[in-house]
Amino acid sequence: MPFPNADSLWADVLAVRQQQPLVHNITNFVVMNYNANALLALGAAPVMAHAREEVRDMAGIAQALVLNIGTLSPEWIEAMVMALQTARGRGIPVVLDPVGAGATPYRNRAVAELLAAGSPTVLRGNASEILSVAGVEAATRGVDSAAASDDAVQTARTLAARLGAVVCVSGATDHILAPDGRHVRLSNGHVWMTRVTGVGCSATALIGAFCAVQPDAFHATIAAMAYLGVVGEVAAAQVQAQGRGVGQLQIALLDGLQLLDAETFHARLRLQTDD
Amino acid sequence: MPFPNADSLWADVLAVRQQQPLVHNITNFVVMNYNANALLALGAAPVMAHAREEVRDMAGIAQALVLNIGTLSPEWIEAMVMALQTARGRGIPVVLDPVGAGATPYRNRAVAELLAAGSPTVLRGNASEILSVAGVEAATRGVDSAAASDDAVQTARTLAARLGAVVCVSGATDHILAPDGRHVRLSNGHVWMTRVTGVGCSATALIGAFCAVQPDAFHATIAAMAYLGVVGEVAAAQVQAQGRGVGQLQIALLDGLQLLDAETFHARLRLQTDD
Amino acid sequence: MPFPNADSLWADVLAVRQQQPLVHNITNFVVMNYNANALLALGAAPVMAHAREEVRDMAGIAQALVLNIGTLSPEWIEAMVMALQTARGRGIPVVLDPVGAGATPYRNRAVAELLAAGSPTVLRGNASEILSVAGVEAATRGVDSAAASDDAVQTARTLAARLGAVVCVSGATDHILAPDGRHVRLSNGHVWMTRVTGVGCSATALIGAFCAVQPDAFHATIAAMAYLGVVGEVAAAQVQAQGRGVGQLQIALLDGLQLLDAETFHARLRLQTDD
């Protein structure tokens, strides 16, 4: 497996732009539009479909499946289980975003039901969500984390091994942990990214696109998080220099997902390998 | 209760920014993303959740509940009733936006069902919607008002007393009426704000955030409407000076919700007390 | 019927701006917000409503009905059929966007069910979708076309005659075909428009607004597609000149829908009549 560095991560970016993978999303109402635009800006081909009558067919033609429980209802969980089974049967990557896990018992049951149907390839959440999925009593506050990402690392490592999945704990520092114990930290990004709804969910969607072109899900997850992190900090700097705010950041993020160049990516990447 | 003036209203803005109240929204599909971004830009913490399986739990941890009937279906009304009951049981504020009331019998029945389950703390709508909620035969046109806000004031005053709720009739002039007869007019804003979908619904969501930090719902409603009105007229002026249009206004509004300063707010506020 | 030229098409634009037709949309979750904003920017009055309990009433007060199958479920198809029947009973125009037709059997069945309930006034899709609706085995890829619009012209011509509907095949060149054999090509637009989600769906929504003010649906469809095409290429040129990307394009498109002037429209229109 390639050792993740700026060159190998950038190669994944180019692969997404060139291969334009079809990413099937079953995601929440709040972020559907923004996630579709994020995938399009990146160069991927999003499709959103949730009907139980067609999710098997859609997952059957996609190169990756992204599941996000941000706005649930029973029919949607059922559709997610069906799509997850199809995706696993075909061997395409599945990325799960347990939005708000820990906030309500219903979300916890939904996560349990999904995990019972099959492990995802990658699980991405904030610290509270990852702790909750691991069964650790965690403080949460709606869909925001009440814990720092650093606090969840040991739990995430164990969870990765148990699920056989890459686990990404996002926060001021992103931690990405592989089932085999590999661990990297990313320190890119900007705090304003938490004030645009759907940026975390977009990270999950982008991981789906990267996993579609990079068979090492650990590498793909790092590439997606690193790319979004660099895009975000460059965009935030531009927006602040113009005296603009988080509205403009939302748009500048999409511009950056399309236009970021290799030179900026290399100059800005803050990747630390931890083993 | 504080007499509403620029200083006391600005204090509410600072309180929202500092306390970051968790606002539970059960709202329509069209504006979910924009309302979440408006609340985040303001400094509040939005959560959107509509499943009957979890709305009681979510309303149980929120500091305010916002109900918006813009895109209804029976399950959503049921969920709204459940969340409303939980919120009232806990004594947290409930803000109701009767989008399109009067446009179809179904919307009228939905409003009646919600009001039967419990009065909101604040009711915000355009003139047609408020007239319709009051049972006055009103001309409506889809979700747009066919009446001027000034025409609905007397009806709104009676409605406020009957419901024991603050009633806000928004329009070129916003009228805010308390159950005890207090009444203020706000003349901020810009007509282009009606050409960005979800700005009215965002006003309702912002009222929720302000009510979470200001126990006098009359004062909180004035603060939210005044803040959005000033943000909107400043944003519209900037956008027009750049030769841009209502697309850019949508973004500039979010920037302004984050960045408006006390000086501009004081200089621009057009508040008239009516008693 | 007016021969479509820049003057007659621009007259339709002015008619929409002046009459502000109420357009009832039953559309997908991904694009609801963007389509509502596109209609508002153009000067029309959008309403989104999907509940079976109210679609007949909403279609009963609208000037046009737009149906879009982008994110389906059984209740939505049922609601679309009800609204379609009401619209046809009242003689208002119906525009159908068969998003992703051909991608899954469920979508094909949905289209068949809608067409069985009544022909639309206008059918707009990309080449794959139109070929699929016509029953031609077509390559599709999620919701993106795998065929060029030129390849679908003959099939679209036959389909227009069979349905008694205007058929619009959009792509690098847009083909618009009337049931009586009239055919025009439009060569405006910019490839980046395909990287903003909902632009195609917005085209469909705009056609609804134009059909509400122009009884010749062929003329109205050309006007809508020409207007959006010119707006899009002007916006793309501006965005690229600023070093911005598809995020900014999304916003610039809305600005342009509001602000495009007659002079630019006349100078840029690339319309070719084919008979």
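Every chain is named by a letter (A, B and C) in the order it is written, and numbering of its residues begins at 1.
Keep this in mind: contacts are C-beta pairs under 8 Å (C-beta built on N, C-alpha and C of every residue); 3 or more make two chains touch, one makes a residue touch a chain.
Per UniProt, the chains are A, B, C = Hydroxyethylthiazole kinase.
Computed from a prediction, not measured in an experiment: that's the story for all the values here.
Visitor: Same or different, please, for the subunit B to subunit C contact, judged on whether over half of the interface numbers appear on both copies.
Guide: Different: fewer than half of the residue numbers at the subunit B-subunit C interface appear in both copies.
Visitor: Roughly how far apart in rotation are subunit A and subunit B when fitted on CA atoms, stated in degrees to the nearest 5?
Guide: 120
Visitor: How many angstrom lie between the centres of subunit B and subunit C, each centre taken as the mean Cα position?
Guide: 33
Visitor: Residues touching two or more other chains, restricted to subunit C: which are they?
Guide: 29, 33, 250-251
Visitor: Give every residue of subunit B touching subunit A within the complex, in rising order.
Guide: 22, 24, 29, 32-33, 36-37, 40-41, 45-51, 53-54, 57-58, 61-62, 75, 250-259
Visitor: If you look only at subunit A, which of its residues touch subunit B in the complex?
Guide: 28-31, 33-34, 70-74, 100, 103-107, 141-144, 195-198, 243-248, 250-251
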